[in-house]
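The following pair of complexes shares a single chain, chain A, combined with chain B in the former and chain C in the latter.
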Partner chain A sequence: MASHGIPRVSGGTPDKSEQAREKEQKQIEQYKALEKSVVERVRSKDYSNDTFQATSQLLTQNPEYYTIWNYRRLLLQDVFAKEQDRKEQPETKDIEAAEKEGLTPPQREISLLIKEDLQFLVPLLKQYPKCYWIWNHRSWLLGTATRLLPPRNSSELWQSELGLVSKMLSLDSRNFHGWGYRREVVAEIERLSASSMVEKEFGYTTKMIQTNLSNFSAWHYRSQLIPRLLSERQADSEARRAFSDAEFELITKALYTDPYDQSLWFYHGYLMSTLNPANAQAPPILDPCTNAERLHYLEQEIENVKDMLDGAEDCKYIYQSLLELSERYLEVEAGNKVVISQEMMAWLIELRKIDPLRVGRWRDLEVKLKF
Partner chain B sequence: MSLAAGPGRGHVTVGQLPDELNLVVEKHISYIQDLDTRRDELEYHLTEHLRTGGIYWGLTALHLLGRPDALPREGLIEYVLSCLHDNGGFGAAPGHDAHILYTGYSVQILTMIDGFDELEKKMPDCNGKIAAFVASLQQPDGRFAGDEWGETDTRFLFSAFYTLSLLGYMPHQHPNEPPIIDVSAATAHIKACRNFDGAFGVAPGAESHSGQVFTCCGALAIAGELDSYLGEVGKDRLGAWLSERQLPSGGLNGRPEKLVDVCYSWWVMSSLAMIGRLHWIDKAKLTAFILQSQDPEEGGIADRPGDMVDVFHTVFGIAGLSLIGYPGLVEVDPA
Partner chain C sequence: MDTLDKTEWDVIIAGTGLLQSLLALSLSRSGKQILHLDHNTYYGGHEAALSLSEAEEWAEKHAGDPPAGARSCFAQASVTKTAEGDANGSKLGFSRAYSLALAPQLIYARSNLLPALVSSRTHNQLDFQAVGSWFVVNGATEEGGQPRILRVPSGREDVFGDDSLDLRAKRSLMKFMRFVASYDEESEEARWAEIKNMALGHALRSKFGLNSDAAITPLLALALVEGNSADLTVEFTVPRIARHFRSIGMFGPGFSAVLPKWGGLAEIAQVACRACAVGGGVYVLGKGIRTATASADAKYEVELSDGEVVTTTWLTGCPDDLPSAAPPSTTSSPSKTQIVNRAIYIISSSLDSLFPPTSEGGPVPAGAVVRVDTGTAGGEAVNVLAHSSDSGECPSGQCVLYTSSMGSKESQDNAIQYLIRSVNEQPEPHVPWKLQYQQYISYPFDAEAATTSNIICLPPLSADIVLGDEVLDAVQHVWQQTTGVPADSFMKFVARGEESVEEQDTM
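Right after this comes the complex of A and B.
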C-alpha cells in the first residue's frame, strides 16, 4: 500500500507541551497554505516556474502526496510542449551549446529540465526509499527523455540511473523498489544500445552476494539472469554442466557458512528446481537434462546436505531439504525405496520436533508420503 | 466529515505486557472512531492522500469487531461521494486525483454501507462509469495502470478485479455482453509474475513478496482460475514458501530474511486460506504476536510490539485474527 501506514513524523504524544502544540499548529497552517496555493495555481492553469517551485516545496514536505506529483508532470509536460513549439530564434550561444551535445536548442532545454528534476529527487529518494511515487516519477522522467531526446542522450541518462540505483541498493540491499527499478533501467539501456548487459548484471549479483550472503533479492535476480546468460554464452552441454557445478559449489560453501539462513536454502531449492521439468518457473540449466544427470545431482546433494548436519543437528532447513531431495529422488528412481523411506521417516520425526510452528505442514507431508 | 488515517499515540513498552492478552475490542473501536478528531496533529494532514484507504481500513476493522455502525453512515457517504470524479474514478480525498486504489476502496466502502442508491442519485449510471474508468486502465499486455500516468503493479490488477466484481461488471457476470476487460490477458500477466519458489512478485522477474502473493492469488480466485492454475503441487510449493514466513516470535514476514510485521498476518494468512493451507502455521503463536502489538491502553495495533499503532496495521491485525477464528470476531472472506 502507498505508505505502508508507518508514520514518518511522530505526531500526537498526549503530553505535548503548550509550546510544542503551538509550533505544530503553525506547521499545519503553513502546510495547508502551501497546499492551497499549489492546488489553486494548477487549477487556474498557472503553469509558471513559481508554481513548479511550490510543488517542489510541498513534495519535499510530503512525497506521498500523489496528486502533487501528477501536477508536477502536468507542469513539465507544458514546458516541454512550449519548448518544442517555440517560434523565436534562440540565441547563438544556445544553438552552439546544443549542437555540442548533438541536440536542438529545445531538446537541450528539455534535457536540462529533466536532469534538474532527477537531481531534485535524489535526496528525497534517500530519505524515503520506499515511497512508490518518487520511484514512479523518476521512471516517468526517464521515459519522457527516451521519447523526446535522441537515443544517445537519453541513453546517457539511463546509464547514470544505474549508478544511482546501485547507490540505493548499497544503502538497503533488499529494497524491492530498487531491484525492480534496476531491472527496468537495465532493460531500457539494453534496448537503446542494442547490446546485452547480462554478464555485467550477473557479476553485480555475485558482488552483492559476497557483501551479504543473506541477500535473497540478489540470489533471486541471479536466478532470473541465468537462462539468458547461458544462451548468450552459447554454452554447450559441457559448459552448462560446469556452470551448474560452480553454482552448486557456491551455494554449498554459503550454506556451510550459515545453514540457518533461509535465503540460501531458497537458492539451493532453485538450483534443484532447474532439474525438475515440472517446475516451469525454473528453466533447465543443463542441456540435455537427462534422468542420469538428475540422479547424479540428487545423490550428490543428499550426501552434501547430510554432511551439513554435523554440528547443526537442530537446523530445520537441513531436514526439509533432505526430505525434498529424497522425495524427488524417489520420483526419478524408485530403486532403493525402503532404505530411503526409513531415513525420511526419521528426518520427518526430527523436523516435527524442532519445527513445531509448521507441525500441520509436516503432518500433511507424512500423509502425502504414505508412511 | 472525514476520517484520519493517522498514527496512534502508542506508548506501550515491550516487557510490560501481561502474558495473557485479550483483544481490547472497545479500545480499538474508540481508537478508530477518534481518528477523525485529530486535526490538530500535523500527521493528520500529511496523511490526507491515504484518507479513503484509512476509512476503508477502519470500517473493515469495525465490521470484523461486530460494530459496523460505529461510524456515522451519512458522514461516510458524503465523504466518499465528495472524492468522486466525472470520469468515474475516486481520489483519496476531495480534490485528489482519481486512482484505481482509491476507486477500489471507495467501492468497498459503498458496498459495506450499502450506499449505491446515494451514488446513483449523485451521478446517474455511476456503476457503469466506475467500471468504464477501471476498464480504461487496462494495458494491451493485460496489466492495469493505477491512473492515466501509467504505473503498473499487480496491486492495481487485483484492485480492478475486485472493484468490477463488486459492481457486477466482471465479464463472467455478464456472459451475454461483450467483455469490458480482457480477463485472460490479465491472468496471463499474473501467471508471468510467478517464481520458481511458487510465490509471486510485483512484475514478471520480480522477487516473490507476500503482498503480491495476496493480490495475485486474489485476482486468480476472482477469475475462478486459482485452483486449476496452481494444482496441488503448486499449492504445496506456494504453501511451503508462505509457511516459512512465520518466525519464532510467531509473527510473519513478507520475504525471506526480513522482519516480521503485523500486516503480513493478513496477506500471508489470507493466501494460505485461499489455497487451503491455513493450518501450515502456528495460529496460537501468531495470535499472541498480534495481541502483543496492540496498544492496550489507547487501542490500535502496530507493526510490531512496542511500536506506534496505525489504522492500517489495526485492520490487518484484526483481519488476521478473524481468519484464525479468534472468538467474537466476524468471519472474513480471504479473497
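Right after this comes the complex of A and C.
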C-alpha cells in the first residue's frame, strides 16, 4: 500500500537482487526438470545415449548425487553387455583399428567408452577433489577394464591413474582420498605386472615428506610400507638395525625442525610401537626384537626427547611423549635407572599448564601413572 | 578518426608504463572518454620488454648523459657483445626470440597487485610463473678458488632438508622464522620492542642462538638488501624477510613470488591497456605531449607532439611523459637524484641448477634469486634475478640475468662471473650479450606537489627489486581523484560475458 502517494520502493532502477533471484529460480527449474527426466528414463529402462548425456549434465551440476552415478553405471553396464553380445560383423576399419591395439572390436569399443568416461571425470575431480563418488566411479571404471580387457591394456589405464593421482597429490598432498586411491592403484599395478613397487612407493613418501613435513598421510603410508620393504630387501638383523636407526634419525631431524607438528610425533610413536611385541598393529622392524633392544631404544629416545625441551619448553607434545616413553620404560624395566617419578610429575604439571582445556585427561593420566 | 585535433576527452593518460596502464585498467569500465598516448612506438614505456634489436636501438637512444631537468630517466646505456665465432661460440638467437624486461621486478604472492588483477578480470590473460629458489654465492674465496653457491632455506621443509645445519641450528633458525612470521602481532610486542634497534647479526646470536656468520647471509638474501650485516637493524630487515615467509606456499608449495611470462611488468601493462581499449579507450603510439594550458571551465588545452590540440578534464602520466611545466613543481622540497646501475646479461647456458622444482610434482620455476657476495672491502652484495627460457624472455638453452644495484658496473660484472663459476658447468658458460645502463630517479616524490588542479603526476616506478604495494596504492589515489567513486569498487569488475547476459534479460 503506497502511503500518502510515495511508492514503497524508491527510484525506477530495477532491484538487482530481484533479477538475481529470478535467474536462480530459472536454474532451479532447469535442474529439477533434468533430474525428473533422468529418473523417469531410467525407471522406464530407457538406457539410450540421450539418457546417458542427461546424466552427464546432471552430474556436472551435482556430482554428490550418488544415485545418478549408480544410474550411469547401469547404463554403461548395459552398453558393455550389448557390445559383447553384438552379432553383426564389424566394419573392416574397426577390425583393423582393434587389431592394432591387440583387442577384439567389442573390446576396443569398451576401451574407448571407458577412456571417454575417465576423461569426463577429470575436470569434475579437479573441482571436487574430495567427492567420494567421483573417486568411486573411477575405481569402478578401472575395475571393469580389468575384468573385460586383456591385462596389457588395463595395465596402461592403471599406469595413467598413477600419473593422475600423483598430480592430484601434488596439488593437495593431504587429501586422504588421493592417498587411499593411490594404494588401490599401486596394488592393482603390482598384481597385473606381478612385480613389487614397494621401493618406489617408499621413495615417494620420502619426497612428499620433503615437500611438506606435516603430512599425516605420507607418514602413515610410509609406516605401512616398511614391513614389506624390509622383507623384500631380505634384510638381516644388521640391516634392520641400520634401517631402524636411520628412521629414528630422520624423525629426530624433523622433530628438531618442528616439534609443534603432531604428525611427526605420531610417526615417532609408530617407531616406538614397533618395539612392543604386544602391539599387533605394528610389526617389528628389528629381528630379533628383544627386551634389551627395547630398553636401549627407550633410554635413547627418552634422552633424545628430553634434549628437545631446550628451546621448546612450551611444546606439549614433548611432555606427552616423555610421559608415554617413561610409562613404557617402567613396564619393561621397573628398576628405574633412567626415569625418576619426580621428573614425571614435573612434566605432568607442565602439561596441565600448557593445555588447561584437557585437565580431565591429565587427571586420568595421573591416576594411570599411579602418582 | 583521422586526426585528434579539436577532440574532447575526460582523461588523457600520457605514457603506457605500468602505473599509467594500471590506471587505464581501473578506468576501463567508468564510461569516461579516455585517450591514452605514448611518445614511443611501443607499449610499456620504462617497463617495456624489448627484443634484441629493440634493446640495441633503445641503448643507442639512451647512450648519453641524462637530459637536463629530467626527473626519471635512463642514461649511459651500452650493449656489449662477445665476438661472433669466438672459442665459446654460443650463438645468439634471432632478435624476436628475446623479450628482455626493463622491469623484471619480483612480485610476492601477497602483493596487492595480484588480487586486483583477479577482481579486474585480467589475470587469465597473464601467465604467472614461480620464482622458486633463492641462493647465496660466496665470491670471496682464496686465490683462484671456486666460488660456492648455496641454496637458502626459505621454509620449514628447506630447513629440514639442509644438511649443513645441525639439529640445534635447525631449531634456532625455525625459532627465528616463527618470530618473523608474527613480528608485528601483539604476542611479539615485547620482544619486538626489545630487539628492533639491534643489529641483525647481534640479535640472531644473542636472542636466537644462531651462529650469525653462517645464518646471516641467507637471511639477508631473503631480505633483498644490498649492504652487509653490520649496520642493518632488525627493524629494517625483519619486515622484508617476513614478506617472503608470508608469501611462501600461497600459490603452491615452496615458492613465494611470481613473474609474468614474456617480459616482466611489460606484459601486465599490455594486458591493462588492452582492457581499457575494449572499454572504449583510444590508443595512440608515437605521440607525446608538448604543452598543457588551463582553459575555460576548468579544462586543459593539450598540444600534442605533432601540433594537434585536444581538450581534457584530467591529464595524468609519469614525470617524464608530462610536459616540463607540469608538476611536480621544481620549487617543491629539494630533490636528490638516485643513480642505480642496471644490467641485463644473456647467458650461453640455461643454468638449470638454478631452477629446481620446489616440490614433488610441482611446477618448474622460471625465476630464481641469487645474492652474490663480491667480497670487496665495502662488503657489497649484488642481487641477481635469474629468468629461465621458460619465461619466454630468451630461447631455450640460454637464460637471462638481471642486476640492479647502487654498486659499480664492474661489481655487477664480477658478480655475474662469480655466479657462472659457482654453478660449475663444463664448458663454462659465458655472456654473449649484455646491456648496461643507469636509471636516474629524483626523490622524494611529493604526491601533494604532484597535483595541480586536474593535472596529476604518477610516481615513477622505483628501482627496488620488489614490486611494492605502494605502486597500486598510487594508482588508486589517482583513480579516486578522477572518479570520486567509493574506494571499495577499485579494480572490481564483472566479467564481460556476464554483463551482456543480464542486459539481454532486461530487454
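Everything that follows uses one rule, which is that the second predicted complex is superposed on the first by the 352 of 371 C-alpha atoms of A that agree within 3 Å, B and C clash if a C-alpha of one lies under 4 Å from a C-alpha of the other, contacts with A are read in each partner's own complex, and residues count from 1 in each chain.
Convention: contacts are C-beta pairs under 8 Å (C-beta built on N, C-alpha and C of every residue); 3 or more make two chains touch, one makes a residue touch a chain.
The shown structure was predicted, so the numbers you read here are calculated from the model rather than taken from an experiment.
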| item | value |
| --- | --- |
| Touched chain A residues, chain B compared with chain C | B |
| First (chain B), second (chain C), both or neither touched by A:21 | first |
| Partner chain(s) touched by A:166 [first = chain B, second = chain C, both, neither] | second |
| Touching partner for A:67 - first (chain B), second (chain C), both, neither | first |
| Chain B versus chain C as contact partner of A:224, first or second or both or neither | first |
| First, second, both or neither for A:282, with chain B first and chain C second | first |
| Touched partner set for A:216, first chain B, second chain C, both or neither | first |
| Overlapping contact positions on chain A, where the chain C interface meets the chain B interface | 14 |
| Footprint of chain B on chain A - complex, ascending | 1-14, 21, 24-25, 27-28, 31-32, 39, 61-62, 64-67, 70, 73, 132, 136, 139-140, 174, 176, 179-180, 183, 214, 216-217, 220-221, 223-224, 261-263, 266, 269-270, 273, 278-279, 281-282, 356-361, 364 |
| Chain C-facing residues of chain A, complex | 14, 19, 22-23, 166-167, 169-170, 173, 204, 207-208, 210-213, 252-254, 256-258, 311-312 |
| Contacting residues of chain C [partner chain A, same complex] | 156-157, 159-161, 167-168, 170-172, 174-175, 209, 253-254, 359-362, 502, 505-506 |
| Chain A contact footprint on chain B (complex, rising order) | 5-7, 9, 11, 38, 40-50, 53, 91-92, 95-97, 99, 101, 147, 149-151, 155, 194-198, 202-203, 205-209, 233, 237, 239-240, 243-244, 246, 248, 250, 255-258, 263, 277, 279-282, 285, 303, 308, 310-313 |
